[in-house]
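Structure record follows, encoded as structure tokens.
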Amino acid sequence: MPATRNRLEAYPPNDMNPKKSELLVEEIEHIDIKQHNVVALVDAMSKMAFSARDLGRAAQIYDAMLRDDECAIILCLAGSLISAGLKQVVVDLVRNNMVDAIVSTGAIIVDQDFFEALGFKHYKGDVFMNDDVLRRLAIDRIYDTYIDEDQLRICDSTCGEIADSLEPRPHSSREFIREMGRYLSEHAKNRESVVLSAFDKNVPIFVPAFSDCSAGFGLIHHQYRNPNRHLSIDSAKDFLELTKIKIDSKQSGLVMIGGGVPKNFAQDTVVAGDYLGFDVGMHKYAVQITVADVRDGALSGSTLKEANSWGKVDLGAEQMVYAEATIALPLIGSYAYHKGNWKNRAARTYTKLLDDTVAMPVTNRQAEMATAAAASS
Amino acid sequence: MPATRNRLEAYPPNDMNPKKSELLVEEIEHIDIKQHNVVALVDAMSKMAFSARDLGRAAQIYDAMLRDDECAIILCLAGSLISAGLKQVVVDLVRNNMVDAIVSTGAIIVDQDFFEALGFKHYKGDVFMNDDVLRRLAIDRIYDTYIDEDQLRICDSTCGEIADSLEPRPHSSREFIREMGRYLSEHAKNRESVVLSAFDKNVPIFVPAFSDCSAGFGLIHHQYRNPNRHLSIDSAKDFLELTKIKIDSKQSGLVMIGGGVPKNFAQDTVVAGDYLGFDVGMHKYAVQITVADVRDGALSGSTLKEANSWGKVDLGAEQMVYAEATIALPLIGSYAYHKGNWKNRAARTYTKLLDDTVAMPVTNRQAEMATAAAASS
Amino acid sequence: MPATRNRLEAYPPNDMNPKKSELLVEEIEHIDIKQHNVVALVDAMSKMAFSARDLGRAAQIYDAMLRDDECAIILCLAGSLISAGLKQVVVDLVRNNMVDAIVSTGAIIVDQDFFEALGFKHYKGDVFMNDDVLRRLAIDRIYDTYIDEDQLRICDSTCGEIADSLEPRPHSSREFIREMGRYLSEHAKNRESVVLSAFDKNVPIFVPAFSDCSAGFGLIHHQYRNPNRHLSIDSAKDFLELTKIKIDSKQSGLVMIGGGVPKNFAQDTVVAGDYLGFDVGMHKYAVQITVADVRDGALSGSTLKEANSWGKVDLGAEQMVYAEATIALPLIGSYAYHKGNWKNRAARTYTKLLDDTVAMPVTNRQAEMATAAAASS
Amino acid sequence: MPATRNRLEAYPPNDMNPKKSELLVEEIEHIDIKQHNVVALVDAMSKMAFSARDLGRAAQIYDAMLRDDECAIILCLAGSLISAGLKQVVVDLVRNNMVDAIVSTGAIIVDQDFFEALGFKHYKGDVFMNDDVLRRLAIDRIYDTYIDEDQLRICDSTCGEIADSLEPRPHSSREFIREMGRYLSEHAKNRESVVLSAFDKNVPIFVPAFSDCSAGFGLIHHQYRNPNRHLSIDSAKDFLELTKIKIDSKQSGLVMIGGGVPKNFAQDTVVAGDYLGFDVGMHKYAVQITVADVRDGALSGSTLKEANSWGKVDLGAEQMVYAEATIALPLIGSYAYHKGNWKNRAARTYTKLLDDTVAMPVTNRQAEMATAAAASS
């Protein structure tokens, strides 16, 4: 029979006082794309219509990015992806050189990934559960998923401790998250972590709204207790660093799960590079998985063709997929993994580029480009 | 590289006068669930959160229906499913005793399935194509799919010819579609057809709004040319026939793709059976795939828990899946197929029940039930 | 303070056994567009962007229909509109010659409008209510609205009684609904009714899937009790009748609330007229209010530009509005009402045309057109 | 006739080379809630069902916030609201003490509001326009709205100039936006500006992802040209400042347009205050307008009941409204404005609180609370 028990069976009307331990029972398990070869399935989908075709085409475009030696790949993450069972997919993309930089919301990176690396879990929950009951039990709900609020507080304070240990100067979120990775390399209780594997592979992670998550609590605690001498999180530095990556790459591709700030932030690097005087091209490839509607005019659901009007995304190899990420990302990720074209791809180790560089231009390619741009203007 | 050419490449600004033959090029191909075993993938999805878990649970509930000897399975179809590449999935469900009756929109059964059985095709199209250009070329567009309007007219008139050949009395849509199946058994140019395989397997197909499709054109042509002596399509008879099936079954389950009339029509048989004096139970199992939003209050997106308040669907084994059908149905169908529990399932051949029966109650079970109901009232 | 009580206040955890009378308390009230002049507001919205502009433009297009002497207006209704408080809007459109024919789902016309005319009510409900509790109390839920199931059964049986009283031949749904109007003209307990006002104004109402509602229960009861001599509901006749209206009108416009069968059915009359040999034009005007997404390829959310590829809807005066009907229809209806252009508009009384006509062509215009069509072919 | 010309009329197939001046013609006009009294309309909507009732209740809850002397009101803005014609609504809320702090995306505040204050405009555009044509003309598209990219570059560089003029230390976005307001107080060409009116009224504006907008380009240009001595944008400081406001207020209410970072950021202040040791209560009131679906588990569409499980939002006076903002905000804003309860409300001038304060606790209330919290722990 189906795995999840029905609410009415589980919590009959006369049991309005469940214990916390009765609700935090079934752990969310992360899907492993390495175990499921869907290449033939997804290719078949690409010959259908509607979202199946779009999904098939998006998977093929991602594979084309992996086959293109010149293409740097930026993965954009929004929505509650890690808590929903997609952690292993992202870890595998990082470990297998299938992504060169990550732009994410804070919740994904801190509240969910770093949280699990500290040894904590997400649990299957009930979307119809009485939230007042949950609040009194200190259980936080994300749609159909439960989290132990007490454990989340430990995650908050660990971020605060890391902040206390760092130099009191402006850091990019990328620098701070790197220190979280360093912390995990010593203390992780669960090493299947995006933060840790990105640390190991020198894949930079950017969170443009870094205070807007569990880390934020740690950070304001740090600043509040150290009013005259504390670190700060410089979001402008984040943008400059990601722009450096765009400038350094000959071609670039975006793999976007959800919309929000990460989508816009990564797209904007084209304009930013241009604005700094470099002759950067549009993102050559772009795919996005989203259920956001296009008709409210907000960026999350805006088409990639619209992004072309802004000069951010090239036409020809862009594809929106109208699907919820927990279904679509395992299919697209598995397709790209089992096609195997990542095997010929070198790690770009952009963290090193960013750590070594103080000012731009620094690489030969950058110097060339800046010169060329100056000459033509 | 990705299969579908980009619009700008294909139809550059200076080519605003494409030929019809240039647009009707790539045929939609139907996905074959028999070729793709996703049992492990879908079981893994059931351990995640959000739509993946819902999809996994829905697939497991469908499998539970197939394992339940007492359960009759009604498949409800809405949306442009056949034109989108899902024909073979439905054909395989019919041929392998995985469904006992079908309730559908007319477009799916007539404009799309019967149409293809006549030898015609659906083609990959462009959602951004200029519709005025298409109209002048007599190409009809369904989102990203093209149809040759001239071929559709042949489909219309074939329905008219079938109408001309039948007895001038009220028919249920189910009876008429059976005659379409009989026509195909002789004349089909493509035998991979839902209408034809349902004819062969004695699986009844109901289209409660039967005039609202290609058949409607044939039917009004028939009535218009034969004002005093013509057949009619009796939608009440459809409802009575489907209710007979519900009465005859000990248990029932609904597999609903999209919402609309088919969803409501099939659910209502519980109330209808009760209204006629039979002690029928609620649908024991129910799954629905839909992207319709719940918040506009329309039936298409209404939850199956809401259907429980109406006494139509039992709680415990119901599941909504928020996903577009071209992605979700291949996964759910493939799961149920490769689990193999249909192998122990007998064909119910409800067409025979309906053809043989003039009035109710006729079966022993029906007589028993009517007696029991009378006794207890 | 806000009008609706909070669930937790109203039904504390220890009250899992509310009485029916405690839940059916606050009646849904129907909004009266005559009391709210929003002309300036909606004109201001038309100068903004996104849905406000679309809504403004749709209202202006509806007003243009009312100013066009040659234009017949067909109102298409889907979703739970009457139960949601939109009954008075539709009644006012009918009474003030702002609509010439209606195509609807059955639930709107029978379960909701006819139901209220019999003296019954809809009640404010709670979307988070336990549906199992409701079912045991015989309360049906439509999202946030409650209905007394016992009253609905009276509605069912009243339809059965009407069926028993009619001639045992095929009827269009339009003919049957006219008899429901006749019944109400004598027995209505609440005369603010779409069915009754349409009866009074000779505005035909079509329900292409007529068995799929409360009337269906009455109809199968009628057929089941009278196996050898009963009426039937001929959906082909419906389509032929609506096509006659399209043929008779010089121009036509569609005002569509929701999608589903009514949208398709009304659009198809263009093709149907053409198919019967009449030189009918496309619908010149078309507006649709819907929250259905376009990306699943289903008709409900398909754009009116897509309908142009089918030759059904002219470009130039079509507008989709992405909004839920309870918000959008009061604004659009009020705009058109207070612009006042309906005052110069004659009632078309299409019911008379349909009742008087047995075969086509009958009017001079029809004869002309048929001759012209024959000459040019 | 409808105001917006049809694309096919305006840009016939043979004109694929429009001039920029032909496309930037009709300016978006901002709706003025002061001109439209919808109190009776919205009260009537609150007696219906579905979204109309939700909208009515949300308007009533906002009015309840304005009547509650103890309640500080935080307005959260996401989506392209200012470009869509909602600027005047927000300006009027600020000027009339109807909002005490704003949390927003960067695009709204910088690319759209500050941009218009510099004298630039947004234009009606065509959602079906060829984006490649637009890109070549340097026209940016937001769904159905056009922007002159050249003017946007001036907006970018103006932000850079402001950055160059400020002290090279970490600033909160709130501090930087205050300087933008100061700049406008001297240089604004259009004084109907949210940034300017908030400057005048001492209403703080927070943009938690401040680099993710036009200002970001100016900021990285500033940092790139001044590698050793530049300002930075400290997002932790933003969070600390907004938390101070929450701590200072006895009660608080959220008015959220769209979701994204602003929604989460403002909700989190409850947890943040608690984390710093203050006994802050949940947000007592909360309304949100959104079209985001709840089923993908992302925060934007998550219910306010879910936020209760996190201890962020109280139950009893929270309401989601499923509607697009350009339709819903004019109705809700107009309702609250014309009810007039803001007339008794004092300006809270939180900017002064934040500018005067270096460390917490500073107010008597804060000192009391911190003492109480310490005593009880």
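The chains carry the letters A, B, C and D, assigned in the order they are written, with residues numbered from 1 in each.
Going forward, a contact is a pair of C-beta atoms (placed from the backbone, for glycine too) under 8 Å apart; a residue touches a chain by one contact, two chains touch by 3 or more.
From a predicted model like this one, the values you see are computed outputs, not experimental measurements.
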Could you see whether A-B or B-C has the larger number of C-beta contact pairs?
B-C
Using only Cα atoms to place each chain's centre, name the chain farthest from chain D.
B
Could you tell me the distance, in whole angstrom, between the mean C-alpha positions of chain A and chain B?
39
Between chain B and chain C, what is the separation of their C-alpha centroids in Å?
25
If you look at chain D, which of its residues touch at least two other chains?
8, 49-51, 80, 83-84, 128, 132, 142-145, 291, 293, 295-297, 305, 315, 322, 324-325
Per the contact definition, I'd like the list of chain D residues that touch chain A in the complex.
78-80, 83-84, 105, 107, 131-132, 134-135, 139-145, 149, 153, 156, 170, 208-212, 216-217, 219-224, 227, 232-240, 243, 258, 260-261, 264-265, 268, 271-272, 275-276, 291-300, 302, 305-306, 308-311, 315, 324-325, 358-360
In the complex, go through chain C and note every residue touching chain D.
1-4, 6, 8-9, 28-32, 35-36, 38, 40-41, 44-53, 55-57, 60-61, 64, 80, 83-86, 122, 124, 128, 142-145, 291, 305, 315-317, 319, 322-328, 330-331
Help me check something: in the complex, which residues belonging to chain B touch chain D?
8, 13-14, 16, 49-51, 128, 130, 132-133, 293, 295-297, 322
